[in-house]
Amino acid sequence: MPTLAFSSQLINLCAALLLLLSFAMLSQRRVLTLVDLFAMQGGTLFVSIMVVAWSTGQPHLYYSAALTLILKVILLPLILHRLIRRLGAQWESETLLNTPITMLAGLLLVIFAFTLAQPISQLANTVTRGTLGIALAVVMLAFLMMITRRKAVTQVIGFLAMENGLFFAATSATYGMPMVVELGVALDVLVSMVILGIFFFHIREQFDSLDLHNMESLKED
Amino acid sequence: MTGHPTDLISITALACGWLAIGLLGFIRPRSTGWVAHGLFPLGAVLGIAITALALVALAHPAETLILPLGLPDLHFQLRLDALSAVFLLLIGATAAGISIFSAGYFRSGEGAAPGLLCLQYHLFLASMVVVVIADDAYLFMVAWETMALSSYFLVTTQHRLPEIRRAGFIYLLIAHLGAIGLLLCFGVMQGGNWQFTFEAMRAAQLTPVWTSAAFFLALLGFGAKAGLVPLHVWLPEAHPAAPSPVSALMSGVMLEIAVYGVLRVTFDLLHMQLWWWGLVTLGLGLFTALFGVVFAAVQTDMKRLLAYSSIENIGIIFLGVGLTIIFHAFHMPLLAALALAATLYHCLNHAFSKSLLFLSTGSVLHATRERSLGKLGGLIHRMPWVAWLALVGTLAIAGLPPLNGFVSEWLLLQAFLFTPQLPHSYINMLLPMGAAALALVAALAAYVMVKFYGVIFLGQPRESTLSKAQDCGRLERIGLLWLAAGCVLLGIFPVPLLALLNGVSRELLGASLGSQLQHWWLLAPIAPERASYSPAVFMLSIVVLVAVLVLGVRLFYHGRVRKAPPWGCGFPLLTPRMQDTAEGFGQPIRQIFEPLFRMRRELPSPFDTSPHYRVQVEDHFWYALYMPIAGWVRRISNLAGAVQQGRISVYLLYSFLTLVALLAFAL
Amino acid sequence: MNVVTLITQFTEVILAVVAAPLLMGWVNQCRAWLQNRRGPGVLQPYRQIRKLFHKDAVMAANASPLFRLVPYVQFAAMCLAAAIIPSLWTGLPFAVAADTIALVGLFATARVFLALAAMDIGTAFGSMGARREMLVGFLAEPALLMVFFTASLISHSTSLPTIVETLAQGRLAIYPSLAFAGIAFLMVLLAENARIPVDNPVSHLELTMIHEATVLEYSARHLALIEWSVALKLFNYTCIGLALFFPWGLATGAHSLRDLLLAIPMTGLKLLAAGFGLALIESLNAKMRIFRAPEFLATAFLLAVLGLLVHLLLGS
Amino acid sequence: MELLMLLGLPLLGSLLLALIGRREWAPEANVLMSAGTFAAGVWLTAHVIAHGPMLVWHEQFFIDPFNVFLVILTSFIGLTTSLFSRPYLRTEEHHGRLNRRQLRLYHSMFQLFIFTMLLALTTNNMGILWVAMEAATLTTVLLVSLYRTPASIEAAWKYFILCGVGLAQALFGTILLYFAAEKVLGNAGSTALLWTHLNEVKGQLEPTVLSLAFVFMLVGYGTKVGLAPLHNWLPDAHAEGPTPVSAVLSGLLLNVALYAVVRCKVLVEGSVRSDLAGNLMMGFGLLSLVLAAFLLWRQKDIKRLFAYSSIEHMGIATFAFGMGGPVANFAALLHMTVHSLTKSSLFFTVGHATQKAGTQVMDKIRGLITSNPTVGWGLMLGTLAILGMPPFGVFTSEFLILITAMREHPWATPILLLGLGVAFGAIFSRVQAMVFGETSLPRLPHPPALVPVFAQLALVLMLGLYIPPHLAAWYREAARLIG
């Protein structure tokens, strides 16, 4: 069916966009911009889920799409923005490990992810074949980002980006998990955000900076 | 197997009785009277009962019993055969004496509450009994480790002293390593059929390689407990650290339990014995014996001296084990039986005489608060009971006729004399060396014991405080008497006991000295014209001669005696400081066996106005073997510590790399 | 054992006890002759002992009962030894009571008691003597034991009579191993009986003495017993040596009266010869420093073990 | 019904305590709730023993011998911990280290934590399992950071990030599992994540996908089990959180995480013919054991010391599960049980000891046995038990594991023994120094709450000498289920 072909093209486009955005996040220094990028990623995710839902006519996917929209595109970015402003962290920018190298590593990761996902995608019976690899790539890139960043906030954003990747995998590769699970996951993400929010303030008052350099006292000396 | 295992059941009951006594101590844990005069004598009675039962059981065939405890598919198996019976005899008889003594000894708590002490003490006894009658690997290990644990707590009774804590730690650590060895040994011995009852292990057929592996693991495990060089380092630390009755138990009984383990594994559980094991064991034993006695000769602390002498005796015992293995491997049942008899007999001797000596050091310690030989002396006047009874133990350990120590050494030398009949020329050449070394060790033991006894009990008191020393109380005397009587009886009537021991050799080696032991008074293990020794006649004639002489001299001359100050060779004032010190007495040995020691000397200069002489003798093994191991562990742990240096990104990197690696691996 | 053997047994012991001081006297006399002195005469030891017995015993104030007991034990031990050693004939009923190993043990017991007695008073010299005595002992004993082992390997027995019988009837069998053993035994004999070169029986220079230092505190009857037992000890050792290395002439097996009558003079002659030899050695050698004693004895021990090995090697 | 009580009570409790937590009698309420939960657990267990495995609420919940014994263990330890924390936290309040608000947070979160644990155990849905684990992380993060000290914040942060990331991997694994399952079970409804259904069809699941899924889940849940090298959060969290929390972390959380891993392993082994899963687990187990054993030598903080010993024991259990087979699984289950009992009781005594000494630095704690015998003996016996000294139960399980290892994988035996030996030396030398010797410590102002300690140690001792037949049968059944 052309529609299917069309929709799958759309989805692949979204996938490509997601990947691009993750790379952008990986290379982004400014915190606020990072949040915006994250929001855009969420948006792309939302679109892709909508497409999948529309093309396969799975009702519960609309719910999860809505969930994504509310949570990832509106709520979390808002919370983050306000947090960052309240913490006065918006001007904090951090030096990366060294952008070219990070990029290179990311590239390798993507290749690795694709090779990994290749055999699996072969036996996918969904409209969206290659997306699993991309989802994995997004997860790995987020992981890399968490490793390379030194600020609490950016680490959290990386964490959320990882969640995005997982969502994408869940929806695109498998037409979404059972509703219970989706709800549970979403709840967890929300709660963890709240807790993190609280944490930021604790960290602030204890270390008066969100820099993770201060948090290296517990070790085997 | 007999129908109804009455002996075994009653033995088990008695062990539980000991346990119960221990728990009873908690009724009034702080009351010394209740514990000392109520419970310990009761324990002694149980000990005597066990002795009697063991004597009965020696005559009966083996009995087995299964308790509904333990692992779901491996219930506790118990078995009482001749070998177990012999060691039960040893435990019971020795424990009886020691418990009676302790009843008088533990006056005011030795640092811990008497009730607690009582529990640990009786738990120790009970666990040793269980070790001897255990018939499956699990129960054996449980009992074995319980034994180690309870003795550890007893050793650390006075835990306020750092060196005692250190001693306890080293002891438990080495005991644990030994236990690991045993675990491996059992794992090897089950031989494919994964049954951990000893029954199954007897049935298992192993290849020679695995059999040897099992044997040497056993030697490692039990050697660690017995104090075989180089696993002996804990012994001279732990034995002096413990309260004297406990030292007596550890030295006199626990070490022998380790020997029991070796015998059980080698001759009962393993289906073949290779001659070269015997050679290795014999070599180890010889070295241990020589090492122990030489170190004993240079000690200045009376309990350390005894501890090293225990190492020596363990060495002699393992010598016997080695000979037994060799003879057995070459199918010379009679000679194997001879060597085994010597081994077991020496175990009994050592149990009695060493506990006796440790207990008397305990009395001395109580009376003088002094452990260092350099500050004792002349106690035979202050504490005659202890002194005369200790003399018995001294002569016994020194291996002098007609006491018990000599009997086992005599048997061992006899066994050595038959080695030229072995069908293996090389061993023939080698073994006489063993005999020579054994003779040397025996002679050195006499040297050590003269030092021990002479410095503590004879001469003039080296400290003025010693004049206030009191002789030991009644209960303590009874305990010492019991053990001394044991030494004398074992010395004078070896034949009946050897006849009893025949059961063991019949069971383990399928041969016995039975036919050679017709005369109760004449010990002629092979044939009277070959070799014979009759301690009874020996003792009798000496006593008669002495009596006749004393009377004769009184009769023909007179008994007049004038007391006078000792002859100082013209030197006007004679002070106690002029006597030989312990160091002085050990000096020739230090000179002759110099390479064995690691010495630190402080020699005074001739112009020193207040000359000060110190010599410290240490053990090479400690620095050559144990320190390096500790160093390695520390180094590796430092490397491991580098893994964890606090930065979260690095931790994330670990998980990331792990993930990637595993994915690559799984792909 | 019938009455006759018992009687012979006792007569032998009595003979030994009586004859022992004579041997001592003979050795001293020979030494005197070798040193161109007239000498006190062969019976001197008897006179000494008798005199000592008549004196009053002077004893250190802090002597313990052990101290008084020791001389008797000494003497008893030596008597028992004399009863075991086949000095005249081998059919000794007492011999079953103790074989060679037990014999060594017996000597060891005697020595230990002596050392303990020496330490009992607590004088500097006493304890020094005890230490040296034990030092000599712990090297001499194994050597002696090894000598016996060599012999008993030849005769496949450790009971002295059996050994002697086998050696005695093996007329012309030459045992190279016994040669080593013999030398070793001689050295042990010198050391054990406190003779030159290890110790000087007549010296009273405190710093060098070994045996004398141990008995320094004894007097009167106690000293008499000690002296006597010392003589007896020398006698025993000599007899052992003779029995092992020159067993000819001993009455063996079922002893008829003729053998006995023959054996007594034979033994007497051999003893005289041995005594002279001993005196000769003592006159030719000088006493060595006390610290050299261990080396001397170690050599003896080594020789004995060598003898053992030689026997095993040559099978003879 | 029992299930409703079991899950309802702690949830209710957390809400209740969140409301009234400031009251004086909040701790008692906490104990009461835990007691109720325990009762419900017993009831449920009785039911399962009587009628066998049960599936309830549209198959969303599934209880079989395997998880029911963990359920009862969890509720029991929850009860004892609440008993212990009552006086402990009061003292902390006296010392002014905690205020009422924090106490309220503690109680509420404690109940919530118990709830998540029980949920994770009883659920039949792999997705819900994940959700519960994540929720457990969140609650414990708040508990760990209870003191609000820099160190505790740092520990909590590391804990949060590492476990969060780890669990994200686990979620990916779950997705992959679902992805593989829905091809077999179809997308109809949500049965494709129900363990029972998966277990029936595990033979047909796609091997490659499942092996990848297992890797993700192992890394994910393994982080929570504390397998090296994913363990780095564990010592910090144990050391900096309040002692009751350390007790439940060691005693419960690790067990439940391991439970999750084992559930996955069962599925994967069914589908993947190779014993990939087993080998991976064995490898991780040995690595954790040895690494922890050597790290033990470097410890100065008493709670870190025992945290590492937890890693070591989890390593042993993981290794045993990895070996598989009736005996090994039996031993592993037994080991989980005795370890939770012993370790939590150890943390109780450690809590008192540190309160006395006012520090967690081991060099400053001396002579407990003289100043406070019960605490001293509790610590000593507990340590000996955890070190696998007979006649305590830990020895039993280690004995079984060792002999199985000797049979199945002889090469692993020396490594195991090395780890055990090194750990023995390390822990015992420290503890002996703390228990024995002269002391400068004051007596505790209040009597220590050691009933739980000795009760649990008595249980462990009993398991060492005598395993009741029906308990053994029960373990066997569970072992058979795990295969």
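Of note:
Each chain carries a letter (A, B, C and D) given by its place in the written order, and its residues are counted from 1.
Assume contacts are C-beta pairs under 8 Å (C-beta built on N, C-alpha and C of every residue); 3 or more make two chains touch, one makes a residue touch a chain.
This structure is a prediction, so every number in the text was calculated from the model and none was measured.
Comparing mean CA positions across the assembly, the chain most remote from chain B is A. Should one ask which of A-D and B-C has more C-beta pairs in contact, the pair is B-C. In this assembly, the C-alpha centroid of chain C lies 80 Å from the C-alpha centroid of chain D.
Mean C-alpha position of chain A lies 31 Å from that of chain D.
The distance from the centre of chain B to the centre of chain C, each centre being the mean of the chain's C-alpha atoms, comes to 36 Å. Mean C-alpha positions place chain B and chain D at a centre distance of 44 Å.
Residue positions of chain A with contacts to 2 or more other chains are 116, 143, 146, 155, 215, 217-218, 220. With touch defined as above, residues shared between interfaces to two or more other chains in chain B number as follows: 640-641, 643-644, 648, 652, 659, 663, 667. In chain C, no residue touches two or more other chains. Chain pairs that touch one another, listed by label: A-B, A-D, B-C, B-D. Across the complex, chain B meets chain D through its residues 69-72, 138, 141-146, 149, 156, 159-160, 162, 165, 168-169, 172-173, 176-177, 180, 183-184, 187-188, 190, 194, 196, 633-634, 636-641, 643-644, 648, 651-652, 654-655, 658-659, 662-663, 665-667. Note for the complex: chain D touches chain B at residues 157-158, 161-162, 165-166, 169, 211-212, 214-216, 218-219, 223, 229-230, 232-233, 235, 276, 280, 291, 294-298, 367, 369-370, 384, 389-391, 395-396, 399-400, 402-403, 406-407, 413, 417, 420-422, 424-425, 428-429, 432-433, 436-438, 464-467, 469, 472, 476.
Against chain A, the residues of chain D that register as touching in their complex are 60, 125, 127-128, 130-131, 134-135, 138, 141-142, 145, 148-151, 153-158, 160-161, 164-165, 168, 171-172, 174-176, 178-179, 182-183, 187, 189-190, 192-193, 206, 208-209, 212, 235-236, 239-240, 295, 298. Those residues of chain B that touch chain A in the complex are listed here as 640-649, 652-653, 656, 659-660, 663, 667. Within the complex formed with chain B, the residues of chain A that make contact are 112, 115-116, 143-144, 146-150, 155, 212, 215-221.
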